[in-house]
Structures are given as C-alpha cells and as structure tokens.
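In the two complexes below, chain A is the common chain; its partner is chain B in one and chain C in the other.
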Partner chain A sequence: MTTDTAPKIKIIDCPNCGAAIPLRALGQSVMTVCASCGTRLDTSRPEIRVIKAFRLQQQQLHIPLGKRGTLRGRLFEVIGALRRGEQDGMWEEYLLFNPYIGFRWLVYDTGHWSFGRMVRDPSSITTAAGLMHYGGRYFRLYHRGTPQIRWVVGEFYWRVAVGQEVDATDYVCPPMILSCEKSAGEIIWTLLEYLEPVEVETAFQITSPERQWLAANQPNPAVRKWEAIKPVMWAALAALVVAQIGTAIRARTTTMAVGTYDLSHAQGEAQAYGPFTFSASGSMNELLATAPLDNSWVELQCSLVNTVTGKSYDFTNSFSYYHGIDSDGGWSEGSTSDISTLANVPAGTYKLIVAAGGQDKTGHPPSTPVSLSLRHDVVPWQNFWIGVLVILTYPGYLLYRRYGYERERWSEANPT
Partner chain B sequence: MATLTCPACGAPVEFKSAAPYAVCSHCQSLLIRRDVTLESLGRVAEVPEDLSPLQLYTGGTFEKRHFTLIGRIRKAWDEGSWSEWCALFDDQRLGWLAEAQGDLVMLFEQPLSAFSDPPTPARLNAAARVGDERRLDGRRFTITDVKKVICLGAEGELAAGVSLQALTSIDLHGPGLELATIEASSSEVSLFMGRYVEFEECRFTNLRTLSGWK
Partner chain C sequence: MKPGRLIYTLVCGITVLYVVIANARGFIPFNSTMGRGSSGYGGHSGTAGFFHK
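Take a look at the complex of A and B:
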C-alpha cells in the first residue's frame, strides 16, 4: 500500500558549470560528481556545497548514468560510476540504487560483469586452513593490489575522489568473489557474483564487449555439466551395483575337483574327465589349472562337451613361469596357474576333454602334473567393471576439463 | 492516544505513544511532556527532502511484532547523513529503525548494565578507536566507526530527545548481523543494540510512492 505523495527526483544546478544534476538517491547518497564538469558536491545536507571544483575529462561508460535495468528480478538505476586502475589494468564500478532495496555494485572488467553487495555481517567471515569461509563457501586468495580511483562521475554514498587508494584483496570461489577493501580506519567486504554478459546486455539494453581472458570468478562450464550429470552417474552406478548384487545372490558357486593331467606320461593325449552336472542354466564357469612350473610352459586344449546334445565349448588354458638371477638380482615372470572363463553355458551334464602340452628348458615336458578344477555358476565381474568404466568415462572427461579450466584460472592469479 | 497543545504556537500535538518527546508539525518546536502539558525545548529544523520510501505512519513487522513509524530524526556527520525512525510497537515498546546507505537496522535502547564495563562519557569521548573491541550483553563487538554527529532535522514523536549539540556516535559490529550504537554527549551515554533487517522482511505498509519505482 502506498500513498500518492510521489516525490519527484530533485534536480540541482551545478554551482561550478550550471549543468543540471539529478539527485537520484537523495537522502541516501552523500556526494555527487557533476557529469559535465566533474565538480564534487556534498549532497548530505539540504544546502548543496561544493567539495572541490574540477575539470572532468569526458569518458564513455558501458552503461550511462541514469539508465535503469532489471537485474536478478529487481529494478535498479545507475547513479554513479568510477574507474579504478592498477599497473596491469583498469575496470569500472557502477553504483546501482533502488530506494526500496538500497545500493548494489555492478563491476565491469574486460567483457566480464559481476553483481555485488556489501557484506553486512563481516564477523561471519572466518579463516579456515588458509581460505576465507563465508556463507557456506570457501574462498581462495586470488589477488592483492592497491587500486586507485582514476575517474568518477555521479552520486555515491561515501566521499569518492580521484586518487583515493585502497588495499584490495580478492578471494575467489566461482561464481563468487569476496573482496576486502582496507582504507584508513575502515574495512569493507563485498560479495560479488558473476553475471553472464547477456544478463547485463538484456537488463540495460547495451552491447557488452567480447570477453577477454578468463575472469577470476567465471563459472567453470565443466562444473555445471558435472553437476548436471552427477545424479545420472550415481543412478547408473547404483543400478549396476544392484544388478550385480542380484547376480551374486543368485549364483550358487560350486567347486568340482576334476583331477590331474600328467604331462610326463600323457603329453598331447586327450583325456576325459567327468561327467559333471551343471545345475544352473546360462551360467558362468571357470576352469582353474595349476602346476608348480619351474622355467617351463603348459598349454591345455580343452573342450566342455554336453553328454546329451554333444555341443562342445572349446577353449585354451595356458600359463608359463620363468625365473632366474641377472645383474639386477632375482627376476621372475609369468604364473603357475590360469583361469579360463566359459560364459552362458546351459544346464546339463558335461564332460571335460583336455589335451595338454608343455616344455621345460631341457625341451622335456614338465615333470609335475597339472591340477584341474571346475567352478560352476560363478559371479561374473567383467561386465560389471566394463559397465563401471563406461559410466565413468564422461564424468572423468568432465573432471579433466574442470581441472584444466581451474588451472588456467589460477595461473592468472597474483596472490602476492 | 493524547492530544496536547504546543506551548509555542498553540497548535494541537497528537501523541500515539507514550514517547516523551515530539516535534510540533506546525512550528517545529521540540517538545517534552510534563504530565499533561508540554514544554518547548527550542526549535529544530524540518527534515530535508529525500527519496526514502518510508514516511510517518508507515507500518512494518519486526520478529513477528507490528510497529508504526511515529517520528524521525535526520542526523549528519562530516561526510554524510542518515535517518533514524522512531518505531512504536503494538505493545507500546519503542525502537529505532535506522536507514543509512540503503540499509535498514532495527535498534532498541539498552540499559547501561549491558556493558561489561559501563563507560563514562568522558572516557568514551577520549578512548574509542576504530577496531577496538567491547563486550556488550556478553557478546563481542568491534568498533567500526567513531564520528561527531549533529541533528539536521526532526519530525513526529520521539523516544529520545534531539540533542541540539554535537554527539559522539560509535558504531559497532557484533556477531552475524548484529549492530550496536553508543551515543555520548558531554554528560550522558546511551546504548542501542539490534540488527540489520531486510526491506522485504519488514513487510511495510503505507509506504511512500516514489515515481517510477516499485
């Protein structure tokens, strides 16, 4: 509810050059800089006083004084603007005002925009492990400098003058910057959030120059994508784990002793073992072959043959083990066992036919027999791990991109 | 509610509260209540024009309690000025809603026993420094600002008198959004404590229309 006593914006004449100066935040601002001549006027008292007459160098702003725009759903008017500079660059700070909201900052730097508000609870800012903690975020030191005000125009809520310097420190947690400005007897903290240039272009009907470099608080696009796919990734992994647990619960893993194959006597001969009863249908099965090899190799040609249908599953199981001593000391390679996997075997009765060969260093078959055992209806893991790998590929790529982007961001940092 | 007569100009002066002071809207005399009569303490200036959305009899809410703005003092220091609105709560309690640099702060006067070490005006005027810490009501506050303030103008009913001389005003930041202000004249010390409030949080009614703003 409002009454009808709508006040008009007060307009004063510049005592120095006579230009009309609108007071857009009367009663809230304390000074204004005449846009025509740059004279600084005290607006905190009913009688406007000249603080300092000046000759203003006219400069173009990206958003003109008096322009209104809606940012983050709220209407603001540009009432003041200043340029600050350091050795390595210059940026613009626009003071925005809405009498129902108060003041906000819009900072422009080489194509990038940030929207800021003074921190009103600086006692909530704490240091933790070299980082600044505020509002649930951890900010890392990005830049320290002593920027100087180079140019100023319009209305402000404190006394601004060209040449003023502050000790400024920026802490970054994209898309936010926590900025600390220290001057004589005063510490002011400001929290700034990155705005996409199109937001400012739409709000104030301007054309923002192309972005250059990477801004300190520019959001990492990989982070956004990562956040978007994270629930999908977790859901897919959970589904895979649930399916695997189901498979594991159903599997009735049974071990069946098969026997031995004596290479020194039966080299190359086909020997039959079994019959074995495979109770589970479409099961996964393993043949484990073991022999205490000593600088020799073994190869087993195996067939699992269904005693009713005659259908045969052929596979090879081979292993070798060599060891010795050289100039680097003892060495060994290979293994004294091998596991062959047979997937999707129907239920039924099977015989195992094995024909094995092998050689040691002397060219003779290994003297020790090969022990064989079958494991029926084991839990398959390979597909599970392939699934995990597939699910993690894109997130992994995003994390890699995220890391590269952050490295570029922090390579620009100057935390001295 | 009481209607008294301005001893300076004879105009009626309405009181909605039990506030001890008021400014006559007719002749700008600062008045103090003496039982059923008023005594004039001198003239104060009118509040200068500003673009505040608040006005006399704007209603609002603070921590679920309703208040009405019944008076205002405009204060200034060397480099700026701000408004302090006297807020009358429905339970007759009085508070101050400070409006400065686009921020709102609700403050209540506290007994000096809130100081862990109650200061004398002389000591305060001599010793307060930006960055110093004070324990108030058992909590730690840091001095952020020390300045000499004067009154630029006043209107309505006021919980505290308008000092016609300059005061020392000390602003302190407490935990979170808490703030405190100590005001010291040459003879008196007052303590106000409270916190920042958001414009939306106050759910104001009877606001002033500001052309082109919403």
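Take a look at the complex of A and C:
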C-alpha cells in the first residue's frame, strides 16, 4: 500500500451517536467500535448493525486511528486499538492494516514497542527441553497470565468485546516474543519483535513516552556490542597466535651448562663462568639455579657482563625450601630452584659473575652446590599473555554486563 | 564504524603490534629479575667490577 494507491474507505454513520465511522479494512474486518460512543458494530454483513451500544469515555491513544506509518519498509494504517490489562499492568495493542500484506500488531507497553504478526504455521512450533522452538530460535517461558480487554476502538478481524479474557503465555528470545493466546477452543500464536521507540516515532510522527524498566524482549545492549566487536576480537587473537608462533619458530633456544657454585667453600666469593656466545640480538635468556635444599635458603647475586663493551646486566636469583611436621601433618614451602629472566640482551660474548650466600637450619652455608645453566633466546610468553588479557578485557566486561542485564530481565519473569 | 568498536579495534591493533615488536626485541614489561634487590643475604653488589679487576 502506498499513499497513492490507498484503499477505498467506506464511511458509515454510527447508528447510536451519528458519528462518522471510517471502515478501512472492509471485507476483512468483522467488527468496528465507534470511536465516539464505543458502540460495537457488525461489519461482516452488508447491512451494518449494532452489536452493542454504550457510551465510551474518550481515551488518549499513543497513535490515533487512521494514522499511517512505514514499519520495516511497509506502509500500514492503524485501524483498531485495544487496551489489555492484568493485575500488574496495562498495555495497548494497535491493529495495523495493509490490504496487500494483511494485519499486523503494534504493541505498546510502558515506553516499549513490539511489532507482531500472527504465526501462520503454528505446527512448526515445537517444544525442546522446556523451550519453544520456532524460526530457528529457542524461546524461554517468561510469563503466564489472563489479560482482559479493558477498552477497544476501531476495526478488528474478530469480534472484540471489553471484558474478554484469554489465557496468554509469552516465550522470550530477545528481541522476539512468541505469544500464545488461548480462548474458546482457539489458539493464536503471535511473533513479536522489539522495535526501538525511535522507529515508531519516525514511522507515525509521534512522541513515544520514556521507557520504563526493562521489556521482556528488549535487546541486550551488551549482546549488540559483543556482536559488533566479535570479529575484531577473533582477528586480533588470531594475529596474536600467529605472531607468537612466528616468535617460537624464529627463536634459537640453546641451553648452556654454566657450572656449579659451592657455597660450603666459596660463600660470598664472586666466581666467573663462561664465556658464552649469545647469537641472537635482542634475546630473552634465562638462568636456572637448582640445589637440593633442606630447610635452607640460597641467594645468588649475578652479573652478565659483555666481554667487549663491559656492559653488565645485574640480577638476583634466590630460592629457599623448608619442610617439617606439625600438628596438621607434614608441610613444605618454597622451591629448590629459581629461574631468572634476562630480557632484551644484545648479541655478543658474555661472562657470568656469581656471588652467592646461603644458610641452612644450623646457620651454616648449604653443603650441596648450586647448579647453574643458561638458556639463550627463549620464547617470551609474557607479552603474548598480556596481549590476550588486553584483547579479552572488553569482551569480558561485556559478558559481565550481559549477565547482569539478563538477570534483571528474568527477575521480572512470571512463568507460573 | 561506531566509536566503541573503533576504539576496540585500535586497542587490539596496538596490542598485536606491541607483542610483535616486543617479542622481536626480547622485551618483557614486568621483568622482576633484573634489578631485583637482595632479599636475605645482601652485600654482594659489584660483581661486574670483579670481572674487570
């Protein structure tokens, strides 16, 4: 339907109050309600007749009857509106009509809008593990109730009356709701999709009230943001893995035996080891010190000295190991080895200078020597894990927000 | 591209770039070994000087 090819509208006079009633879906609607006096008229027969006459207090609609608007690329006209209510609230349902498409629903509830259509193939709705499955989505039970029609105006494709009740069950899979209404042996399924208020405002040139609390099918903003960054995250993680694999392939990790440091004879004395050739430039290296300690500690003050430039890299390697038995049983703490990391060391020839000290439980230096070994050009993992942490921080935050949002949504659910 | 996604893309790009460069140069940001002070024994500074004696 376009404004140029608008369908013919038949105007009838209300037999009760004389007001003009436009019939916009003549031939498809079965009844209309006079907007002036609320009289219900049967439009399914050529001779329009009164179903029930009564006075109706004029109600304020968010979208007036007859208003046209384009939703999801299709032009619709509002031909009917009704209010339903339960103990805990009331909402509005607008019946939209396009002669080439048929009827659609626009549901308004506390600032939220949903656009719905009747499910034509309800047999394709299946139950799986307590969820309803339809259209590739799994819907979770959100609400059961018995809403009652409180007010109605305009044309409808079924006979509507104030006070009519249905057993309604809503299943949610944001931004969709699968709604089931049972009444007098009839079961109607409706699929509703959440609309941002601005879409309805733009379509019908109205001002939608501010949204209150969370709607059952309101899209989780964290999910939307997650969907937007997901490809970036996977690409960055993949790039990181490729970079790390490249680093591992390029690394020429070699282990060099350094020697031992005998604390019982040389405590505190500086001893020189090497020379060692570091072939890789800007390499990461490790000094591994091990000793079978028994309730004792060892500390090695080390310098890796370039034999040509004299530049030294000073570092400390220390470890301790204690064990015993107390009222809780056996215990132990510490380690019998330590690894020192030497980062960003230029290529060259180096000597290692070590001065060590230590003490056992008797106050003497440990009797067993400390074994030393160097590993040159090892693969650095710290940068990789820092990168992973940085890349996953924002998705982790979104996951947290998503969980909080869903918890709030489902705290409002009333599935009993 | 929305600002949030743009900022995240930039952060990811800079992070990957950092990892590539840092790995190539053998650099790690939190090297607790080098420059670490004495914890118990103490009094062994100047070992580099020993080598040059």
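Definition applied: the second predicted complex is superposed on the first by the 408 of 416 C-alpha atoms of A that agree within 3 Å, B and C clash if a C-alpha of one lies under 4 Å from a C-alpha of the other, contacts with A are read in each partner's own complex, and residues count from 1 in each chain.
One rule holds in what follows: contacts are C-beta pairs under 8 Å (C-beta built on N, C-alpha and C of every residue); 3 or more make two chains touch, one makes a residue touch a chain.
What you see is a predicted model; the values in this text were computed from it and never measured.
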Touching partner for A:Pro99 - first (chain B), second (chain C), both, neither: first
Partner chain(s) touched by A:Ile391 [first = chain B, second = chain C, both, neither]: second
Partner chain in contact with A:Phe315 - chain B first, chain C second, else both or neither: second
Partner chain in contact with A:Ser123 - chain B first, chain C second, else both or neither: first
Chain B versus chain C as contact partner of A:Gln164, first or second or both or neither: neither
Partner chain(s) touched by A:Asn295 [first = chain B, second = chain C, both, neither]: neither
More chain A residues in contact - chain B or chain C: C
A:Gly268 touches, of chain B and chain C: first, second, both or neither? second
Set intersection of chain A contacts, chain C complex versus chain B complex: none
Of chain B, residues touching chain A in the complex: 45, 48-53, 55, 76, 79-81, 83, 99-103, 130-131, 142, 144-145, 152, 173-177, 196, 199, 205-214
For the chain A and chain B complex, residues of the former touching the latter: 1-10, 23-28, 30, 44-46, 68, 75, 97-103, 118, 120-124, 157-159, 185-186
List of chain A residues in touch with chain C within their complex: 225, 228-229, 232-233, 235-236, 239-240, 243-244, 247, 268, 270, 272, 280, 282-285, 297, 299, 301-303, 305, 310, 312-318, 340-345, 351, 353-359, 377, 380, 382-384, 386-387, 390-391, 394
Chain C - residues contacting chain A, complex: 2, 4-5, 8-9, 11-13, 15-16, 18-20, 22-41, 43-45, 47-48, 50-52
